[in-house]
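Each of the two complexes below includes subunit A, the first together with subunit B, the second together with subunit C.
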Partner chain A sequence: MKRYEVIIVGAGPSGLSAAIEAAQSGLQVVVFDENGRPGGQLFKQIHKFFGSKEHQAKIRGVRIGENLLAQAKELGVKVILNATVLGIYKNKEVSVLIEKEVQNYKADAVIIATGAAENMIPFEGWTLPGVMGAGAAQTMMNIQGVRPGSKILMVGSGNVGLVVSYQLMQAGCKVEAIIDAAPRIGGYGVHASKVARTGVPFYTSYTVLEAKGNATDGSVSSAVIAKVDERFKPIPGTQIELDVDTICIAVGLSPMSQLADNAGCEMTFAPTKGGNVPVLTQDGETSIKGIFCAGDVGGIEEASSAMIQGKIAATAIAQELGYIDHDTFEEKKSIYADSLLKLRAGMFAPGSKGKVIDKTDEGYTISKSILTHGYLAESELSDFPALDTSGGEHIVIECTQNIPCDPCQSACPQGCIIVGDNITLLPKLSKEKKCTGCGLCVGVCSGQAIFLVNDSYADGYGTVGLPYEFLPYPKAGTIGKALDRSGREICDATVVEVRANKVMDKTAMLVMKVPLAQIGSARFFQPIGLESLEGVS
Partner chain B sequence: MGIIIRTKHTQPFIPQPDDSMIICRCEEITKGEIRKAVYDGMRTINEVKRYLRAGMGLCQGQTCQRLVLGIIASESQISAGELGHITGRMPVRPATMDYIGKSTEHSEGVERYESK
Partner chain C sequence: MSTLRIEKHPIIEEYYKGPLVHFRYDGKDAEGYAGESVAAALRAMGVRIHRYTTKEHRPRGVFCAIGRCTDCVMVVNGIPNVRTCITPLEEGMIVQTQYGLEVGEGK
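Moving on to the complex of A and B:
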């Protein structure tokens, strides 16, 4: 039987981070993953991550995955792919199916980092071809390069639903609607806004009743949705039939905790963590000494916190096995715990789940429009701190919810944007510093919530610089329509320039010329005659 | 899990319009069958699993466990947290008997290691 000091199950963000940390401490480590390629879900995350620099904010998930792999390789971490762990036993023996053979390994410590799987909801026709998990749709387009469909209904408005909707549009699909049974949009307002301003309607308090199949191959030809009451029961007479060929389900994730259960770890049913999860200590250790869990398997969060959890588990093991002393452990752990705390703050923190929050930490009233329609009402915006009403070229930051994120602060070479050490606070504009109109912040903001507005471009005209991630980028001089925050056409617009550089990492700033009266409303550019938009990948 | 009380029904089983909807895709178990299982006295997720095979297919309940729990909970008026979870067992992922059979040699190795 082969022996390792640490066996890690799952080569996703958490497992790889744990492996790197363990190897850096000198532990002999092996990672098993049942998939043909490592990285877990990271390689399909083509959007920029949130957080602070230490959390790799503003870097796209796919790059974070590449960095992790490179680091693991450099440290000589052994990652065995197409290796399915079938069971873990109390004495830390692990059965792995590798190439048609079950091999048995033994470890001093095991980290289970198996992640989570998508939830489904049953409705008439949910087993038809064309109904799929949002994550499955994301795998199809971002990994396999296959468009999942052309007209999409997204069920669920959490961050997964919102992010995947945007990526579906980048892949050239039309998102017909995003619905949610809850009365509020579940994900970040900035994610909702970047979808809403392209014209995607949100239906809150709506559920899907039926997927209808076509006569030829039975695949989805339309979806029937209906409004629900406070008890989530459909209200008769509110049905709407949507012409869609694909229904994506983004209604949460369930931890894949079977291995922990199989190993005999104490389990608990925790709805806020996504279901059945092992009981864990602060370090991620289960009720069985030496068996740890890290990432979504112990409770649904997101990739950034999963990576830190992996590091904490590996650090605890390194101490236990004598590779680092107690002081080093405490020091490292306090750094990681602090980093985790920063991510677990704000309106969407795990601890805020299910709570209705109507004020920001600063005391600003949270936009009701953004929570129900996905976009800010212009009247609500004036309440927020990052509105600069001075003339000339200036930025407007439409960041109105407390989310852990601060890349805008370091993006500005002039120091105009202030977030401070508490990264969940809303960005403010410096009164002394002057915007030079470079547009870096527009491209850097992971939430695509910063706009560069110029009210003195030409007689009667101003410009709006907006973050733009649809390929091909329109050329200067392209004529189209300016859309407002709700995606409604409000006026003609002409592209003045499309600015993109390395720092902005494929988020271009599209500058369009609009009548002066519209610079406060125009937030998206729709080229005339362009049927589909191809996205950045 | 607390003590589960099973009371014999005096009312007949009432069919519902969506009873034919498939819930466990791997084993093709319908909502009606699960409702009937609860009516027949099954309560926990593992009881329903053994009674109907719901959750015993390829995905081992990863997709349907939550849905089956929801149906049992609403039929029995017992909260989902009280209904247990599908027991995680080796193999937690599908593997052919052939492959598992080939591991005999290794398993003996495990035992020898243990008896030392």
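Moving on to the complex of A and C:
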């Protein structure tokens, strides 16, 4: 039997962070992952993360994954892939299936970091080829480089459904609709808005009734959706048939806690955590001494918090095994706990799940339009603090929900944007500082919610600079249509420039010229002749 | 190349895959990249059906893409029940649609 001081199950963000922290403290660690590639969910996540600098905000998930792997390698952490952990026992013995052979390992402590599995909903035809998990679509397009389909229905409007929809468009697919059985969009308003302004319709209080197969090979050729009543029962006569070849399911995640359960850890059913989860101490220890959990397995949250949880568990183990003293432990733990607390704030925090929130922490009324249609109504925007009407070149920050995020604050070289230490507060604009029109904040904002508006561009015309992550970048002079927040065509527009640089990390700022009267409404550019967004050139 | 392959992506500079390789799919010549999943190579060719269920002969394709659901299993190099979504493509592989637990007639 092979021995290690710490065995970690799962090489996702939490498992890798735990391994790095443990190795830094001098512990001997091994990480097992059943996948052939390390990184868990991170390598599919090509969007920029939220949070603060300490949480690696504004860095894309895939890059965070690369950094974790490099760090683990440098520290000599042993990561064994294609290794499925079958069982964990009270005495910290672990049985692992490696190349069809069961091997036994023993450790002083075990960290379970197995993540979560996608939930499914059965409906007629749900087993047809072409119906898949949103995560599967993400793997196909972002890891394998192949489009899962051409015309997509997304079922579920939580962050996963919203982010994957956006990524499908970046891959060159057309998202026909995003539906949710709930009366409200579940994910961040900013994620919904960046999809809505390209013209994707949202159907809240809708469910999918049926996937129909085509005559050729039987794979999906359309989807029937219908409105539901308050008890989620379909209302007769409200069916709509959508012409789609792919149906992606993003109806939530469930912690993969079976290993902890089978080991005999005390479990609890917690709907706010996504299902059956082990009961954990603040350090992530289960009811069995020396067996810890970190990341989604203990409750669905985010990669940012999963990473911190991994570090906390590893720090606790390092102290227990005498690698760090009590004071060092307390010091580290308080830093990590503080960092975690910042992420667990705001209207989408784990503690707010299921609650209807209609005011921001500052007392502003939350946009109803964003919750049902995915975009802000212009009339609602005037209430918010970052709407500057001073004239000339200035920014408009359409960030209207309390989410933990602050990269905009440090992005502005002039110091125009103020969030403060409480990173869930909405950004405000400084009264003294003056915008120079550099556009860095437009590219840096992970929510793509900042626009650079110029109302004195030319006689009768203004410009709108918007975040743009689609290929090909239109050349200066390209003529097209300006779309409003709902994705509706409102006027002609001409591209003035597409600005991109290293700091903006592949989020370009597309500047378009529109009639002055439209600068408050024009929020997306659609080149003429391009029906859907093209990922291919 | 297939229009289902993403040739240029605004964020992803390159996908990690090896050289072009040849394989056989249901008795026909096919191409893909070494190291990508067999399922991805098939998807790029427009194939969505990987197998038919034993009793009711229902088609199945990729569902989870991470090796958990077994919907995507096929007969690979004569071995049935191979999860194609996590099996890397290799030169000369023989990939066949699975009917129940075996290869269908005439394949």
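Throughout what follows, the second predicted complex is superposed on the first by the 531 of 537 C-alpha atoms of A that agree within 3 Å, B and C clash if a C-alpha of one lies under 4 Å from a C-alpha of the other, contacts with A are read in each partner's own complex, and residues count from 1 in each chain.
In this section, a residue touches a chain if its C-beta (ideal position, glycine included) is under 8 Å from a C-beta of that chain, and two chains touch if they have at least 3 such contacts.
All figures in this text were calculated on a predicted structure; none of them were measured in a lab.
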item	value
Overlay on subunit A: subunit C relative to subunit B, clash or fit	fit
Partner chain in contact with A:145 - subunit B first, subunit C second, else both or neither	second
First (subunit B), second (subunit C), both or neither touched by A:34	both
Contacts of A:117 with subunit B and subunit C, given as first, second, both or neither	both
Partner chain(s) touched by A:470 [first = subunit B, second = subunit C, both, neither]	second
First (subunit B), second (subunit C), both or neither touched by A:106	first
Apex subunit A: angle to the C-alpha centres of subunit B and subunit C, given in degrees as a multiple of 10	60
Partner chain in contact with A:136 - subunit B first, subunit C second, else both or neither	second
Which superposed partner A:357 touches (first subunit B, second subunit C, both, neither)	neither
Contacts of A:127 with subunit B and subunit C, given as first, second, both or neither	both
Contacts of A:262 with subunit B and subunit C, given as first, second, both or neither	first
Closest approach of subunit C to subunit B (Cα atoms, Å)	5
Subunit A positions touched by subunit B in one structure and by subunit C in the second	34, 117, 127
Touch list for subunit C against partner subunit A, complex	3-12, 15, 17, 36-37, 39-40, 43-44, 48-50, 58-68, 71, 85-86, 88
Sites on subunit A touched by subunit B in the complex	1, 34, 84-87, 89, 91, 93, 95, 97, 100-104, 106, 117, 119-124, 126-127, 254, 256-262, 267, 269, 271, 275-276
Touching residues (chain side subunit A, partner subunit C) in the complex	34-36, 46, 60, 62, 117-118, 127-133, 135-137, 139-148, 170-172, 213, 217-219, 469-472, 506, 535-537
Residue ranges of subunit B in contact with subunit A within the complex	18, 21-23, 25, 31, 60, 62-67, 80-81, 85-93, 95, 98-100, 102-103, 106-107, 109-110, 113-114
